[in-house]
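The letters A, B, C, D, E and F name the chains in turn, as written, and every chain counts its residues from 1.
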Amino acid sequence: MALGGTTRQLLKQVSTATLTSVLFKHGFRNVFMQGPKRLNHDDAEVMVGAAYTLRYIPSREDLNGPGEFANRSHPQRRAIEECPQGAVLVVDGRGDARAGTGGDILLTRMEQRGCAGMVSDSGVRDIAGIAPLRIPVYAAAVTAPASFTHHCAVDLQVPIACGGAPVYPGDVCVGDRDGVVVIPAHIADEVAAQAVEQERYEAWVLEEVRGGKSIVGLYPPDEATLARYHGTKRD
Amino acid sequence: MALGGTTRQLLKQVSTATLTSVLFKHGFRNVFMQGPKRLNHDDAEVMVGAAYTLRYIPSREDLNGPGEFANRSHPQRRAIEECPQGAVLVVDGRGDARAGTGGDILLTRMEQRGCAGMVSDSGVRDIAGIAPLRIPVYAAAVTAPASFTHHCAVDLQVPIACGGAPVYPGDVCVGDRDGVVVIPAHIADEVAAQAVEQERYEAWVLEEVRGGKSIVGLYPPDEATLARYHGTKRD
Amino acid sequence: MALGGTTRQLLKQVSTATLTSVLFKHGFRNVFMQGPKRLNHDDAEVMVGAAYTLRYIPSREDLNGPGEFANRSHPQRRAIEECPQGAVLVVDGRGDARAGTGGDILLTRMEQRGCAGMVSDSGVRDIAGIAPLRIPVYAAAVTAPASFTHHCAVDLQVPIACGGAPVYPGDVCVGDRDGVVVIPAHIADEVAAQAVEQERYEAWVLEEVRGGKSIVGLYPPDEATLARYHGTKRD
Amino acid sequence: MALGGTTRQLLKQVSTATLTSVLFKHGFRNVFMQGPKRLNHDDAEVMVGAAYTLRYIPSREDLNGPGEFANRSHPQRRAIEECPQGAVLVVDGRGDARAGTGGDILLTRMEQRGCAGMVSDSGVRDIAGIAPLRIPVYAAAVTAPASFTHHCAVDLQVPIACGGAPVYPGDVCVGDRDGVVVIPAHIADEVAAQAVEQERYEAWVLEEVRGGKSIVGLYPPDEATLARYHGTKRD
Amino acid sequence: MALGGTTRQLLKQVSTATLTSVLFKHGFRNVFMQGPKRLNHDDAEVMVGAAYTLRYIPSREDLNGPGEFANRSHPQRRAIEECPQGAVLVVDGRGDARAGTGGDILLTRMEQRGCAGMVSDSGVRDIAGIAPLRIPVYAAAVTAPASFTHHCAVDLQVPIACGGAPVYPGDVCVGDRDGVVVIPAHIADEVAAQAVEQERYEAWVLEEVRGGKSIVGLYPPDEATLARYHGTKRD
Amino acid sequence: MALGGTTRQLLKQVSTATLTSVLFKHGFRNVFMQGPKRLNHDDAEVMVGAAYTLRYIPSREDLNGPGEFANRSHPQRRAIEECPQGAVLVVDGRGDARAGTGGDILLTRMEQRGCAGMVSDSGVRDIAGIAPLRIPVYAAAVTAPASFTHHCAVDLQVPIACGGAPVYPGDVCVGDRDGVVVIPAHIADEVAAQAVEQERYEAWVLEEVRGGKSIVGLYPPDEATLARYHGTKRD
């Protein structure tokens, strides 16, 4: 269930607020990651990509140290080099933001490789180097300590929790300045189409409101409003 | 006990830091809303207005859904259209910021209607649309999910908690970049006058400190300092 | 074990991310203050200075009020005037950010006196006046209430906790946009030298990555990379 | 939609674990009060009764003091005397357990009056006097301070939150040693009947398991197991 | 301001619920330790004693280890041997209960020495050995790790925080099954006398309520009730 | 690296307090599960067994419901039937105790199968049925909702977090009334032997203290004490 180019383009035009509303209508209530905040400058892009997952457990003194990354099969290092172009690296750091699970070097490498973004419910470090990157980065906090201080990477591409939401590899992650929503892969196309439609309506509503209209009968619309809206669209 | 124009003007000139200090002298220790942060761009106005309150409880699956807003007597919708000009909508969201209790459309409508601001100890959504608004907006977090995901509006104009502080309808809310303080309605005029006086002294102190003076005997003042200050004012 | 000018200059060139990594190699895992965030505008300086400590306990109604600061031997007032030039005032506010432990007047005075910064795991107030200061200021939150609302200053220059880390008077505090790290005084010189070395390598790595290199064998380096790096440096 | 005697008797025979499972099948996920724990000795009764609600906001220094209870129309005092026989007093204390919302005298009075129980997501005091009572008492903590230290009673019989769950007056509360579940009033009869059925099956399953059976095909049952179970019942 | 024998005897007869109410009338709202729970079997004594304080900061790897206790001047070891007979050891563990600040050996030693109790807002270990002791023990949690895992003892007999309350050496600590209240030393005699008086009234009220009386006019009393109560006492 | 019978017997004689101290000397600081409490009656056995792990992520509406357990390969159901005799089922429930990850039927089945215990950092349900079991059960809370309300089982026998500690399949879990410690498998034999030795010394110390000895020079011991202790043992 790959993320198609059309759906990706549609999702670039909609907000996470709209997506969570559409997903609610599909019966999903727990699809927004609580905690991770956008760390880039305001002009960074909207993030859209399929989830590539990385799981951490707490570190243990005899296993986790600066030397561990010399192991080329270390999951964190593999994640940075193997997360596909156009995909989002989603990190389960158990919501423990005392240490970072990425810094400016790793995120610059991901940007170079064409990854679509990174989301961690733990921390990231080197904010001065991360904020100007074009690749969208979300984390629960900015913090200096390296990952091994509190975290140990153990798995790639397994189902995880991130910010309290379930994330399965391949789920579609969309991030804007409100945060990150995860769309179950099998409904991503349908949700994208519905969200564009809702977004179009809300843009029209916002203009109406700016023009002085009351929200009563407008948001949500009554039949007269819908007729007027659809008439407008025809013009 | 309406908020008079004179008091409103005085309160626009003072900081919440000063107001909490003045209220402490009146015996009030729990008048600052812990949690809600200002979400507007830095050039937005100081917020001053009487509280118009809205209370939420947790949502229930059979009662709360996207369709609920079609009900024109729904408390949230009524709040947006009925919060008086010059008043602040204060929202008791039980400090649960997993869902928003307002977004760009509703806040634009409030701005159009001349409301003085919105404070929620829950979340708001659509930050990209909210940050540029002139109407001051305070919330505990930015989050994408719509209110009905976790909240159900049940009451207007009852006493509430917001950010751990008690808020009675008509209490005067003042917000700057430090956050929001709530002044019991019956002492608003007196507090405003005292705060302006204290603010004036502190502005003078700050100039003294910038000129190299020690805070000893200055802040708080001893008698010599007070004499010098009052002499200065006469000039 | 004073903080020497050379070490101070070296520490101004390195990040807290690098310092926590170097300290980890020395066996220290709990040297980053969790909670305090930088509150200045982005162009403020890196903070480097020896810790001068101030300890608070919860306030008590009969002891703590606005009048308490008239006492010239009050520990908070003394801290502002006695924290040495080039030193950092580190405040143990028990992580309780409901009240501020400093505002624009006190911090302006510290800037005038040439102090190197202030770190509190409680709050600060008057952010509009603090953000533009050149003196680095870190706190767990911005909040309006004055210190005596929840805090009572009791001690100067004793070992404290700040943001969950142990801080002994004289320990070296370094703060950048990631936050604040505390270096045990007796290893500050050695850590500074090692950090500069690591920072230099990481700067080179970042250029390599920007040039398209994989992190495999580069970060951390294998022998070939190290040889290449040291060759580069000779040039 | 009164709680009928038959439904009350059925609910006395089932566990809250079973009830939450039955409610889940009806689409309800947020019906268990997170926080309140049973404080009685183990031999106290199961609690079953319709909710009579009491709402608190944070106290304010000029309104809340020991003298406030002299007012005979004070909501807390009215709650104790007006909560109907057979009903459960459910208290919204905003999850703030720093003060109690009931003590041994008030709970003894409720026991005398024939109330069915008390649940608070705040604290209760005088545990030595409460634990031996026959009336079931649930609270988030045991704590000595009186309610007015942190709470102010403002409303009776409005929809509230208790332990994160929505509670409407008349909803049916059932409490055992696991805690308290709230059943929406309009489905209480149906849920009670279904729960008794499920409980009967689970009792049979437990005997099977004690006899050495695997849970595979048993819990949940496959067709052969169901046939065997229904055969058993006929005997 | 020593704790006299008469006051000690009076305080043994009153509850912490009554004491917090009496202290509230003296203007004190923050005198109950939030967090520490009684860990003894139910038949242990009421705890009454003057506070002897011990302060911890977070441990540091180079300073805190199993060997540290070999130092005979180590503050924790000194506290166990120097806490006076009849005094309560009050421990500021910053509310961090991940490690214990006492175990069965140390508490047995304190019992042997005639200390009046121990209160910690951190943890204790060896609950199987502690629960049967006669000396009252309060802690925020039971946990196995030794103190040095997360704590470092730094001070004796300084003002501290315990469970969010301020505690000065010599303040009078009273603990029952609700928890621990701290009475400022200079009002202990007066508070004790008032509490006994209130307790006597409440015992009478409880009998009235058990006899079927309404709380209206009884608790709090109106004039007729007070007359009846005082009449009763004369008999 | 199986858990041998000798080591198992030794570990049954020692406390978790002693084990954490021994593990600290081996360099391990994060081996105690913070959160899970013992739920059995006090006479239940000490828990000793190798870890068999089960991992949960948050539930998703389209995947998790009562019907999911009909799938015989469901990880939770497999865990109950496949956790080896003598092993401890260790559950990573992300510290979210809003729902149970086991109840009386499943735990009775594990008892029947000869499992050594269950530890969850989430909740368990049916405490009335669990408390009397002989199989030791630890959880962060008692709660009624079934697992699928908030949890989705995804993995067996992978490294997990439980109560903030890292747990690898095969690690040795020991639980007493203080809680549960996890011993890395490769040092279990050595740690067991050392713990028995330390426990023996502490039992002797406790007798000394009960006899009136000071802890100075005794705990920790000086050379004279050690000589006396070793002499005693020879007798």
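Here is the rule we use: a residue touches a chain if its C-beta (ideal position, glycine included) is under 8 Å from a C-beta of that chain, and two chains touch if they have at least 3 such contacts.
Predicted model, so just to flag it, every value in this text is computed and none were measured.
For C-E, the matching interface among the pairs D-F, A-C or B-D, defined by over half of the contact pairs being the same residue numbers, is B-D. Where chain A touches chain F, over half of the residue numbers in use are shared by the two copies, so each contributes mostly the same positions.
Inter-chain spacing, taken between the CA centroids of chain D and chain E, is 31 Å. Chain geometry summary: the mean Cα position of chain A and that of chain E are 49 Å apart. Mean C-alpha position of chain C lies 39 Å from that of chain F. Looking at chain E, one finds that residues 29 touch two or more other chains.
Interface note: chains touch in the pairs A-B, A-C, A-F, B-C, B-D, C-E, D-E, D-F, E-F. The touching residues of chain A, counted against chain C in their complex, run 65-67, 69-70, 72, 77, 80-81, 98, 100, 103-106, 108-109, 112, 125-129, 142-146, 148-149.
Listed in rising order, the residues of chain E touching chain D in the complex are 15-17, 19-21, 24-25, 29, 32, 34, 37, 176-179, 181, 202, 205-206, 209-210, 212, 214-217, 219-220, 222. By the touch criterion given at the top, residues 27-30, 57-62, 94, 152, 154-155, 158-161, 164-167, 184 of chain D touch chain B in their complex.
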